[in-house]
């Protein structure tokens, strides 16, 4: 069912695409231009919400306009249900042609040979010459391209500017160290009184832990998929946050490290937005979603640093689009991938909702249509890239399970159910078991 | 069991059958029920109120009465997907009604056999029937998916409805068995003496007497199917055959920008049909008894 | 006691000579009645069940074919997986606390709402609404709010002067209770079944008992309760089976947290099977659960001969 609004929209976008394509000459128009419209069906699946669905459908319409013999049907669901459905489809031999892929599943899917190796489709039809090479490299498995990144994001800290003013402290300095961060947030918590804490508890957050490790010069995993950090790293990390809990600087267990995390916890009911915490750790592209639910202004800054260390942040591929290795329509699917990342109409349609696009022209194309919050996001990207260096090792298949174990032990420690050294020992033992199995 | 003569009695609905263990004044009963009502209804009322609030106020405005009243959530939510929610509601209705019909007929047939007939290995089959309820359904999804794919039933309502016509919801078989067993066999006996065969016994005597149980089966079938999203998630690919339950999952995800207003608005709308079905059928529970004949 | 005794027997005159002929006819007729169920069993249930049993002896990640590992999954469950043991413990506590409470409320309200009170139909509908809300986003959000540190429960307790209260839902010791309350809150289904059953009890029985001088308490204990036992039994068995398999509420409200305090069995199974793509392990867990449920159901059936009264001739 198409509404008139939609038709108008894609006519407008379609015109822009034609103009754009004649200037840039990047859109491969009808290379397989034979046969009747809709003769090549492609199935596309992704995760997200209605917002992302609208944009994706726009891209599909644009693509079908210039490739009338291809008909793409798309489906989406929430992140967790996506993998349930995808796994079932694969086990039944019914996988979609185009599938959105996440870095945490990439290793497993490539090991099972489920994703198409795109090497021979580059540069034609998939043109990656003006594509962000850091982003691209960070999305590869075994130095091979298995999908095109649809966006990248950086780790970020969101914070409540209004609460900082209320506490009488200035904005955080990007060069602040972990110790300085502890002092800073303790001051904030004291100033704001009962029921408000300085920051979220990061002890159960594998993402910040990874950044912390990289500041110490090590990746989280070795290239053959083993844990690359020591018990001491864990003890240092968990002790730091334990001290923060004790001093009241970060959230107590029941609100922070131990609080249940479900699909509907964030953002509206999060401590940041309910005024219990001033700092929150997340991904840069989610600032839009968070600001939407926040009546007060949220600002962004980098994670605390480790003095005299390496840079910890890295540009992460937020999601990519891959082709199933069992697809019957490689050419059309690859053509669609190229369209998605290079076509100006597509870039405009997708906006930065999935993260920062990789095409060099993207920033210029998108600039006119970015909202204030999105411009802040871009400004943050410029800032954090100075504190980043590329991630060298892809997470092994069992990394997700290790992350779950990490969260579990962190919450047990937070609730005092286990001591830090014992927790570290048990976690490492569990992690090794999990990594061996995979 | 005392002798009961056959006579039709229409019990007046307002007749107080005071077999409560305690003799409470009416007042306290009503007070209790009203407090209970608040507890029962609060989340539904919250959801209703949230559906009329703008997105950024849903969580910040704590009161049940919206500070700012808007219909945006309903309008946006209805058309948020490529297919309008009207189609989803229609699909859900079709699926649910088919499931109700399938369950009522196939489960009552099986229940009659278990409850009233003697046959080889009856105990064994009864245990098998119960066993099918004991395995978590999510585990069977993968092999069932392969089965339905090979039958070519994906993207249709068939995986959700066809099995129900073959009594795969053993829950209702068991329910109906227990109900039928509360019906004394004297009527069976006299009917048999009059020459009734098993099917007439089933159709003419026991099914009318089991109307409360059948109504319960219908209500539960409808409500469970209406809210079931796992089956539709896995078996339905084409959005035009989506049901409401699976469509409702499109609005909220922590990896994207969630639209809570829309999910609450569509959630409220999706509550209405089930609530209405419930009201209609639960009246049959009472009327089924009053006109059922045997019961005095 | 044989399985045969679990199912009822019809009562009619059996004349010696005609017995075998009649029995054969009835046997045949019964199988005809059961034909849809047999077909459904064969086509849709048995095959998938056998498949899942097979998976339980394999390592199966959905993405590649299953690999046989024999009893590996079962060994892992009981000797190498602390979280599995946690899930068992959590689920047992949940079942044995929530089921009796839920049934008690269901029966109590059913009795209350079977009287000729005004607007009884409306009340019944209202008390059923919680069951309609099932796995909705609203419940997920609200339950956390109501039992959170600033929630209504704590506010109400504050009115009574209770201070220093923690969040109920995100503290390991009390998180389970909030989910038990959620289960009890949704007592509408068993309540409805009880209502239907209560309505089937003939009024004459009460009338004659009243004439004989029996008060309301003894009427309840001598008439209502005994005649309701088949449905109490049904509700007990099915609520027990259902709560061993409870999943949605744990998934959307607490996702197993905090610190695995609400890691229900089926939730853990689902996380392993579909989240970690370990379908072999999840299948093994499912079959173990089935055995556990069977054991408890059989026990309930065994005790039923002492307290359940059917009207078709047995006991």
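Some notes on this structure:
By written order: A, B and C. Residues from 1 in each chain.
Operating definition for what follows: a contact is a pair of C-beta atoms (placed from the backbone, for glycine too) under 8 Å apart; a residue touches a chain by one contact, two chains touch by 3 or more.
Source: prediction; values computed, not measured.
Across every pairing of chains, the maximum count of C-beta contacts belongs to B-C. Comparing mean CA positions across the assembly, the chain most remote from chain C is A. Here the CA centre of chain A is 40 Å from the CA centre of chain B. Mean C-alpha position of chain B lies 15 Å from that of chain C. Residue positions 62, 137, 274, 279 of chain C are each in touch with at least two other chains. Across the assembly, chain B contributes residues 142, 146, 251-252, 260 that each touch 2 or more other chains.
Within chain A, the positions touching two or more other chains are listed as 84, 88, 91, 263-265, 268-269, 274.
Of all residues in chain C, those touching chain B in their complex are 2-12, 23, 26-27, 29-31, 33-34, 36-37, 39-41, 43-45, 47-49, 51-52, 55, 62, 109, 111-112, 114-117, 121, 123-139, 142, 185, 189, 192-193, 195-197, 199-200, 202-206, 208, 216-217, 219-221, 223-224, 227, 230-231, 233-234, 237-238, 241, 245, 247, 266, 269-270, 273-274, 279, 282-283, 286-287, 289-290, 293-294, 297, 310-313. Partner chain A is touched in their complex by these residues of chain B: 55-56, 58-60, 79-84, 87, 141-142, 145-146, 149, 154, 233-234, 237-239, 246, 249-260, 262.
For chain A in complex with chain B, the residues that touch the partner chain are 1, 3, 43, 47-53, 57, 73, 75-79, 81, 84-85, 88-89, 91-94, 263-269, 273-274, 288-289, 292-293, 295, 353. If you check the complex, the residues on chain C that touch chain A are 61-64, 80, 83, 137, 140-141, 144-145, 149-150, 166-167, 169-172, 175, 251-260, 262, 274-277, 279. Across the complex, chain B meets chain C through its residues 1-2, 4, 9, 11, 13-23, 26, 29-30, 32-33, 36-37, 39-44, 46-47, 50, 106, 109-110, 112-120, 122-136, 138-140, 142-144, 146-147, 163, 165-168, 171, 173-175, 178-185, 188-189, 192, 197-199, 202, 212-213, 215-216, 219-220, 223, 227, 229, 248, 251-252, 260, 263-264, 267, 271, 274-275, 278-279, 282-283, 285-286, 288-289, 295-296.
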